[in-house]
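After this come two complexes, each holding chain A, first together with chain B and then together with chain C.
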Partner chain A sequence: MFHWLEKNPFFFAVAVFVVIAFAGLVEILPNFAQASRPIVGAKPYSTLELTGRLVYIKNSCNACHSQLIRPFKSETDRYGHYSTSGEYAYDRPFLWGSKRTGPDLMRVGNYRTTDWHENHMRNPAEVVPGSIMPAYTWMFTNVADVDTAYAEQLTIQKLFGVPYNAELPMADGSKATVALADTLDGARASALEEAKLIAADMKDQGVKDAVAAGQVPEIVALIAYLNRLK
Partner chain B sequence: MENRPLEYDYTVAKLFMYNTIFVGIVGMLVGVILAWQMAFPGVNTFLGVNLAEYTNFGRLRPLHTDSVIYGFVLSGVWSSWYYIGQRVLKVSMAESKFLMFVGKAHFWIYMAASIVIVISLLFGITSSKEYSEFEWPLDAGIVIIWVLWGISIFGLIGIRREKSLYISIWYFIATFLAVAMLHIFNNAEVPTWLIAPGVGSWYHSVSMYAGTNDALVQWWFGHNAVAFVLTTPIIAMIYYFLPKESGQAVYSYKLSLLAFWGLMFVYLWAGGHHLLFSTVPDWMQTMGSVFSVVLILPSWGSAINMLLTMKGEWQQVAASPLIKFMIMASTFYMFSTLEGPIQAIKSVNALAHFTDWIVGHVHDGALGWVGFMVIAAMFHMAPRIFKREIYSKSLMGTQFWIQTLGVILYFTSMWIAGITQGMMWRAHDEFGNLAYSFIDTVAVLHPYFTIRAVGGTLYLVGMFMFAYNMYKTMTSSRVVEESELQNATPMGA
Partner chain C sequence: MNKTVLAAIAVIVAMLGATYLAVGTAGGIGGDGGLVNKLAVLGAVVLVIVTTFVVTKYVRQMQNDTASGKLADENWDGIGEYKNELPFGWAVIFLGSIVWAIWYFLAGYPVNSYSQIGEYNKEVTVHDVKFNEQYKNMDDETLKEMGGSIFIVQCAPCHGLQADGLGGKAADLHERISAESVKHVLMNGSSNNLLGTSMPMPDRNGLLNTNTNALITDAEIDAVSKYVAGGLKATEGADVFAGACAACHGADGKGMEMVAPNIAEMSPAMIDMVLNHGKKGAMGTMPAFTNLTEVQHKAVDAYVSSLSKK
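Up next is the complex of A and B:
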């Protein structure tokens, strides 16, 4: 049979394809049948948080920081409760990472503050002596891309039914709603409102001025995202 | 006329060869910069604070991985394809204007896409998916490049004189099919302008998959990109170049058959080993782990087949630096495909995952196996393409030892770094509290990061020697006759 295949490239290619496609069918499809279902307490990202997530991706933070807590005592001691699948239901793309040059950030919002992040992003080694993380000074002046985050929100709401403007059950029994504006201007305004709350806790005068002038510096969006990771 | 040997046309092979050498140096230079950044973070601002946005670790890291994988290695693979394809199918590119056009289009569109990729990654335009960072317009461009290569493969096969497909062709076909499948499924994404035209960046897109599903598809891709970009085409190359260079027949046809079909079936299952102890269903993790161990068999099948091809001819390894490159490549392949399955065992993975041991594993495979085989292929092809002998045998030998030392420094330091860090992360004191803060586990790695950077730098030095040797070979080395090009590559002192 193999000698025959080697003389018949078409059937050879078909045979190879069948053999390699098999594993994907068995291993990957079943998980899609029960698509990622959100856990109680999972919320979609607000416009500013999603903007911050884009900043996180733009700077490949995931190259050095994981967002996946494995179910070991050493990990739950260090980072908090181990990860569950439903927590990631609104993560497109997933940001688990594959390398911990720096610590896991899955629940960094539980134990770091806006002030800590501001100091740390400006000069990591000053906050954590011995840190090898680069300083991210440009984030204090670059303006974040709120518009693209809004476009992404519209896309996931429409295509994947991500529940914006809907009451969602929280772990403590309460209800929460993540608002999504009807218009781009509305989205910009709501992102700016959120940004003002972050900037109020920051010291950098340039950042404060920018927010007062209606702009969202990347650092503000990023901190909004990091604070949200819980 | 009838008995005249075919005149093969290496126009496209040459173009890809130049790019292999160029991107090899660029991609590895970026890698060396990254390595020094981890040892000495001040290097993040080596072009000044104002340019740090474009020179820091996060920005450069995808540039390094993508340029060595898809720049250096793929160019080497394609250079080899446009050389080997004609020879084993017994047909010349010059016989078909169409295939020649396709080959050139393949190269130039690939070059154009490469430039756009470099720029976009520097500006932080990335989908974040490892080894698949490109946004949708580039993903579409990659499909075009891939289809052109497919036309080239099946076109050349269509007009072949040798009816039976040689082993190398099996592996090229498998590479083409698998990467096509992986690329399309992993990059299933929706451009946001489809839903919200005119809002935000036109090139932004959203993954079709969320969370755990996204991770599952990504590592099915990520693992098998290693399989079908960094393994199968490299096996295609060694199955052609080692027998050619040594004048020995492949040791066993049956073993090559077993190794090929075994690899095809087993490899695709193993992606789950990147997701052990994650939120992926347990049975998938176990499958990934088990199949990773089974993977030793087909991997070693190829490697042993290559080593046994040298049976009774081991003096050639001592005599020829070119054979040394190939035998060392095959040895590193065995080594790397043993190390990988060990890391895929759940209890080992609990320690190794997220550490530098994984980075070390990738690099003993990438530098030792893939890099050496690509270099060997270029050295074997250059005299036959340019009709000149290799400029310097001793330079090639020196390069071999410097690079081998570099790889050894790389993976040994990363072993120690990875295991040290993994052990420190999990250490508890007598009261059950964590023994070390995270930064303790970073500070301890400094010497190993430094050794790794030295190792990487040595490998890069070897790349410069390689480039110089190739340049002299192409331009000013002694011209050779066809009769000198039968087996062992002619080399100057």
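Up next is the complex of A and C:
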């Protein structure tokens, strides 16, 4: 066999590739699969949070904001614990971002709250002097796309086995469950329930009225998502 | 002398000449170039001579040497291989690399391997040691200064660089509490989470004014809100405070441990509680800042409580 391979450079090259590829699979893949498992405390996104994530992506927030804290003291002092791969297990796609025009948002839920986001999204420079972030005023009136978020939830549950309606271990030893409704109407209702909690902490009367009327403005969904980033 | 040696001498002369042309007297041949330049030129000369000598040796060997030794039985398309002993140096290097591989596999890699997290942990440890050493005994000024710089990074995004709350978006830290906030608490009560007690402050339906023996009224709420926000100095509202608030907050408003917070002035203990637990009030929610160290908490306490004392 080897003598035959020696005389056939093409098949020799193929054999070399197969051997190295096999070694790579055996060495790299198990480790990779292990590291990308959800860490204890990771939860899939609820309907409203996922709606907010879609708003985040739609407005290209990830073009200016990263979601990846590197293990340097200067970063962990400012943003919190460095990121680990298991934290992105339910991010499809992950939103690491490649450039920080604005600050990292990986754990923004730890140090900003609903009312701050409300003030900031309406006029960033008013809260952060010198900020070059544009105002996102339309988010206060645009209605968020809850239906697409629900479709995505169903898809990832069926396709990737994302554990909705299942007990998940939390870091403090308790269990948490992220509910996924059986029907579209159920999903809309649960998103609205979450939205009411956010809107209660907001000042904008238009947003409060919209939520009371059964709509979910984009800003509410986005804040739900940002508060969830921890 | 054959042609090769003559060519070698010609090369040496040419290269040394070129060096002299390029460097000139600045190179130190003349004397004013300093020791480093002299050494550099000396090195260049040695390099040229040694290189030429070695190359000449091998060229002559190729010209004159004849093959010797015993050929292996096998040959490859007419190309044979001598059965010479492995040179001693190679054998030593070969055995040495085996020993090194065993060491690296068992000890070298597992013990000394690089890890990003390891580097991070080291960075943090080194910093902490340095920090603790440098700020072991801080006087109040340094503490306040440190608090000021932490404030700019951690607090200013909501409270503003001037700590004025950016026009009502967050608490104005130059005063203990705003009339609006007092009113909010009187209307809605407070969970008292900050104090670590499960005994909440009641909302207005539980606030009895002992002066009138009736529940607190709208007018009284307005009056006492202004009174508390004004630092408990005015005369108006003082009677309501004495009747409805002083039982828990004390006649001077400085509170009681595990019962009611100090509402007369910014106290470091109160600020520390807010930093540890966050706060939900009239203006919105403040998150907890547990990522700061104990020293940093003390620094922020000192800085913020100094703001209202100016």
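We take it that the second predicted complex is superposed on the first by the 195 of 230 C-alpha atoms of A that agree within 3 Å, B and C clash if a C-alpha of one lies under 4 Å from a C-alpha of the other, contacts with A are read in each partner's own complex, and residues count from 1 in each chain.
Criterion: a residue touches a chain if its C-beta (ideal position, glycine included) is under 8 Å from a C-beta of that chain, and two chains touch if they have at least 3 such contacts.
None of these values were measured; they are calculated from a predicted model.
Asker: With the two structures laid over each other on chain A, which partner does A:Gly24 touch: chain B (first), chain C (second), both, or neither?
Answerer: A:Gly24: touches chain B, not chain C.
Asker: Identify the partner contact of A:Ala63: answer first if only chain B is touched, second if only chain C is, both if each is, neither if none is.
Answerer: The answer is first: A:Ala63 touches chain B but not chain C.
Asker: More residues of chain A in touch with chain C or with chain B?
Answerer: Of the two chains, more chain A residues are contacted by B.
Asker: Tell me which partner A:Tyr111 touches in the superposition: chain B (first), chain C (second), both or neither.
Answerer: After superposing on A, A:Tyr111 lies in contact with chain C but is clear of chain B.
Asker: Contact-wise, after the overlay, does A:Ala171 reach chain B, chain C, both or neither (first, second, both, neither)?
Answerer: It touches nothing on chain B or chain C.
Asker: Per the contact definition in the header, classify A:Asn119: touching chain B only (first), chain C only (second), both, or neither.
Answerer: second
Asker: For A:Val128, decide between first (touching chain B), second (touching chain C), both and neither.
Answerer: After superposition on chain A, A:Val128 lies in contact with both partners, chain B and chain C.
Asker: In the overlay, answer first, second, both or neither for which of chain B and chain C A:Pro71 touches.
Answerer: both
Asker: Residues on chain A in contact with chain B in one complex and with chain C in the other?
Answerer: Common interface on chain A, chain B vs chain C: 71-73, 78, 128-129.
Asker: In their shared complex, at which residues does chain A touch chain C?
Answerer: Touch residues, chain A against chain C: 71-73, 76, 78, 80, 82, 110-116, 119, 126-129, 201.
Asker: Which part of chain A faces chain B closely enough to touch in the complex?
Answerer: Within the complex, chain A touches chain B at residues 2-3, 6-7, 9, 12-13, 16-17, 19-24, 27-28, 30-32, 35-36, 57-64, 66, 68, 70-75, 77-78, 83-85, 87-103, 125, 128-138, 142, 145, 147-152, 154-156, 158-160, 184.
Asker: Quick one: in the complex, what on chain B touches chain A?
Answerer: 37-38, 41, 44-45, 49, 52-53, 56-59, 61-62, 124-130, 154, 157, 163-165, 170, 173-174, 177-178, 181, 185, 190, 192-196, 199-201, 204, 206-207, 209-218, 220, 257, 261, 264-265, 267-269, 271-272, 274, 277-281, 284, 287-288, 291, 350, 353-356, 358-359, 425-428, 433-434, 438-439, 442-443
Asker: Show which residues of chain C lie in contact with chain A when the two form their complex.
Answerer: 116-117, 119-120, 123-124, 127, 153-154, 157-158, 161, 166, 169-170, 283-287, 289, 291
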